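Both complexes shown next keep chain A, but they swap its partner, so chain B is in the first and chain C is in the second.
On to the complex of A and B.
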């Protein structure tokens, strides 16, 4: 695409102006996502309680099996980080990934596509809204985890924050990666559910990745969350520094980038495909 | 209710009048030979059938006027406006909104357009009217202050100020539709596209909304799709009758009705109903259809009124009354019905307008 064409397509707006506008759309979409969630009283209860229920369930399962530790970490701390990863996954795959599906449900997809705002910004905004929504769950999970005896060993708090952000960012990239596919397939919920449990298993949310057969490690290594969870566990449970987990962080960044690029491509492709295919019931 | 009568700047498709054509600068919308085919997919193996939804549509809309697209469901109106609003890419032809190509300059087109899609949905029901406007304002790149100012103005204009902070799910259909209009006008678009805006509204709400639409010009240019003849007649400066993906007639409502005048209707109300014998009714039909100026005869189910379609009202009526006198039928009243857009549709397509056609 030539610069002249690009400028014409943007109606004379500069790229920096559009990026600024994208930022505002992201915040606006995050806000309405939050407002919609907050409009359901049951969701207000569910946000802090669900992760705690998950945590208690898995702690009991480990207890019953007599397994008190996993390699280098105690079980409760290991599971707390796993639950945080589940929450990050929920926020992004159900937020970003299902953003456009939810627009279809609301009947606002036509208006959203007919507006000059970029679809990607709306998708990211919904994901961000779910991330903020999940904060109460993060807090309740940490508190209950501590009460159940989780032993955290954080040598570098900044490293812990960076790894937590990396975890959310990587799941966001996975969410964006699937957004286009979700809307084209029109099977968003089914696909989210289909992807969910294998991802939990392959990314080592509840069981260490070391127990997976060797051939599955190839698949597991391609999931950004697997590396982000490894890094977060190392800095919060084993006192590692950022330097110690640099290879996990690099793997997180590279695999996330892959999903992000695929997501941007697929969202652009979705936009064009929808407009070309004339799937009238969708728009 | 404001009566709008057209500043006739029309172009008959079959009789182009170059001198009457506005210059390109005066046109908000230009559409040439616009086409859209799509594949209707079905079954497990996704076998598909090619459907021509729009088969070469051309029209211009001068700035500050209301242009209507009138046609039954499935005529191609919504597909046309989806192409104009950049949601669908045409498979042929081109369209420009405020000089911007709908395919190559979609960002500029989207900025210039406000689109109201038909139907019950399109708003966030769990949010308030004000929150909805705030979000849609952001999608159009508006800043906080402009959104607040425009929201206040528009909520007042659509008479929703008192309900602005209530959830949309508690709104009636009419209120939702008025909020849709506010949402559509929020970013002060040059061109407003309204797809079946009064569909499903009760008569009072429809009257309110039509008044609102009438007030949009000349500040905005309006493209209105409807299958409501009365609405089209009342609001539009110029109309295109669309059928099976084509514009089959175009002009001001008065011009279209005038063209249909060949089939003016006369309703003759009888003093006494005809008796129920088929042969008697068949005789009435036969005698009246033999009258030269009469093209069609219909006896009402109650058998006490005859509807005659005729090319020359005076000639037909004289002869028809003579026939009825011969048959011993007394006449109670005669109504000469002015041609309507339904007649125009019939004249253009050769069939009655059916709303449920798909």
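On to the complex of A and C.
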């Protein structure tokens, strides 16, 4: 959506009014996303159980191979943070990335595009719904991690909170970045399924990024979550301060911005193409 | 005639699946997940040759399990979702013929993916193959029989609750945990080893690892093959019973689509 189009759609509303409208759309989309998830009883089971299963699987793998630190950090703590990142990544690909696909599935995509609200707000809303949905998983993961002997070293609790927020904020930016791409690919579900596991590897969720071959670092460095996870691990497992992780935080911000800009462009492109052709067929 | 139905069903299932997703995304989704999983586990074990070799074959087995759970067990529910299950149930041929055809494609797909994973293991991590073909064949037959039965049971539950994919996603992580794809079941702590021994996967994977990497004879792996044989008899029987139960549900609901 160009600024001019936005002005027309919002009737020349002020920025504060637009932000308020976006906020309401985000909350409404988050609520819809949550209700859709809650309508599947199995999802209620999966939310806390799946992260715990992954955590135990990888804790056992490291334990059986005799590794107690990765590379210098406590294995269980390293993996707990990795699982939190997995859940954040799930919010991106299954929440934000699939937001418009979900609207198509529900038969409401036409209304979504015709409504005087920004499509990006819908995308962020779905992602936010996934984040809230994941709280039980985060809690169960932390509890089981503690039971398995995770050792944390947090010198600056505020820094830990900032890094956690950065992790989820970068998730949202990637989600917006992917939303348009997913929908234009016409294979949103396949994209989500494919992107899941490679990112676990490239962003260092289960193995440190230092073990990746050099040529893969270029790809790895382009993923905002990779830097956010590095920062969160440093702050929660090695007692680092915000100043210590400023380099990772800056990288998180810059790469997130890249995805955000790409997302706004692709959503505008989709929106304009739909209006120009007066059809939803390109979806 | 039945063989032709099986073959035609397999081809139709494959064509539909590949064309629906598109060849590019089909390869990305169905062939790459186990490969990337291998790369992660391989990096975890990079300093332990024995565990690395185990995990490479285990990852190939994971490809088989992945296919069994996310492809074979979801066949009926996918047809229900498309609205074609009723037509299939009314087709004037044995239900096991077209279902067998669909499953044949799922098996072929899983085997290709397993071979690809094994190939990546050989190239990326230098796995040395020392195969015993007879042990490999016997284990694959028994393991395949177990997985077929298990897929039928999971598939029946999936269709009964009208969302097979949810069931697949629910059962996959615990199976990953206990099947022994990433580590030998024997190395698990007691609280996990006992339930893991109640499943067929650990026996099958252990025997496959020995058959592929240690040239193990049938005599070498009989301790794994014996329980696997038991599962290979019981699970298919349970699978057929589960499928019949689905048919009974269909009659009770008065709808061939179970909706």
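Just so we're on the same page, the second predicted complex is superposed on the first by the 262 of 283 C-alpha atoms of A that agree within 3 Å, B and C clash if a C-alpha of one lies under 4 Å from a C-alpha of the other, contacts with A are read in each partner's own complex, and residues count from 1 in each chain.
As a convention for this text, a residue touches a chain if its C-beta (ideal position, glycine included) is under 8 Å from a C-beta of that chain, and two chains touch if they have at least 3 such contacts.
Predicted model only: the values in this text are computed from it and were never measured.
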{"item": "Partner chain in contact with A:56 - chain B first, chain C second, else both or neither", "value": "second"}
{"item": "Partner chain in contact with A:116 - chain B first, chain C second, else both or neither", "value": "first"}
{"item": "First, second, both or neither for A:201, with chain B first and chain C second", "value": "second"}
{"item": "Touched partner set for A:218, first chain B, second chain C, both or neither", "value": "neither"}
{"item": "Which superposed partner A:39 touches (first chain B, second chain C, both, neither)", "value": "first"}
{"item": "Partner chain(s) touched by A:107 [first = chain B, second = chain C, both, neither]", "value": "first"}
{"item": "Overlapping contact positions on chain A, where the chain C interface meets the chain B interface", "value": "40"}
{"item": "Residue ranges of chain A touching chain B (in the complex, touch as defined)", "value": "5, 8-13, 21, 24-25, 28-29, 31-32, 35-36, 39-40, 106-108, 110-117, 122, 272, 274-280, 283"}
{"item": "Chain A-facing residues of chain B, complex", "value": "36-39, 53, 78-79, 82, 85-89, 100, 104-108, 110-111, 113, 115, 117, 119-127, 131, 134-136, 138-141, 167, 183"}
{"item": "Residues of chain A that touch chain C when the two form their complex", "value": "40, 42-43, 45-46, 49-50, 53-54, 56-58, 60-62, 64-67, 185-187, 190-191, 193-194, 196-198, 200-201, 206-207, 211-212"}
{"item": "In the complex, chain C residues that touch chain A", "value": "21-22, 25-26, 28-29, 32-33, 36-37, 39-41, 43-48, 51, 161, 163, 166-167, 169-170, 173-174, 176-177, 182-184, 187-189, 192"}
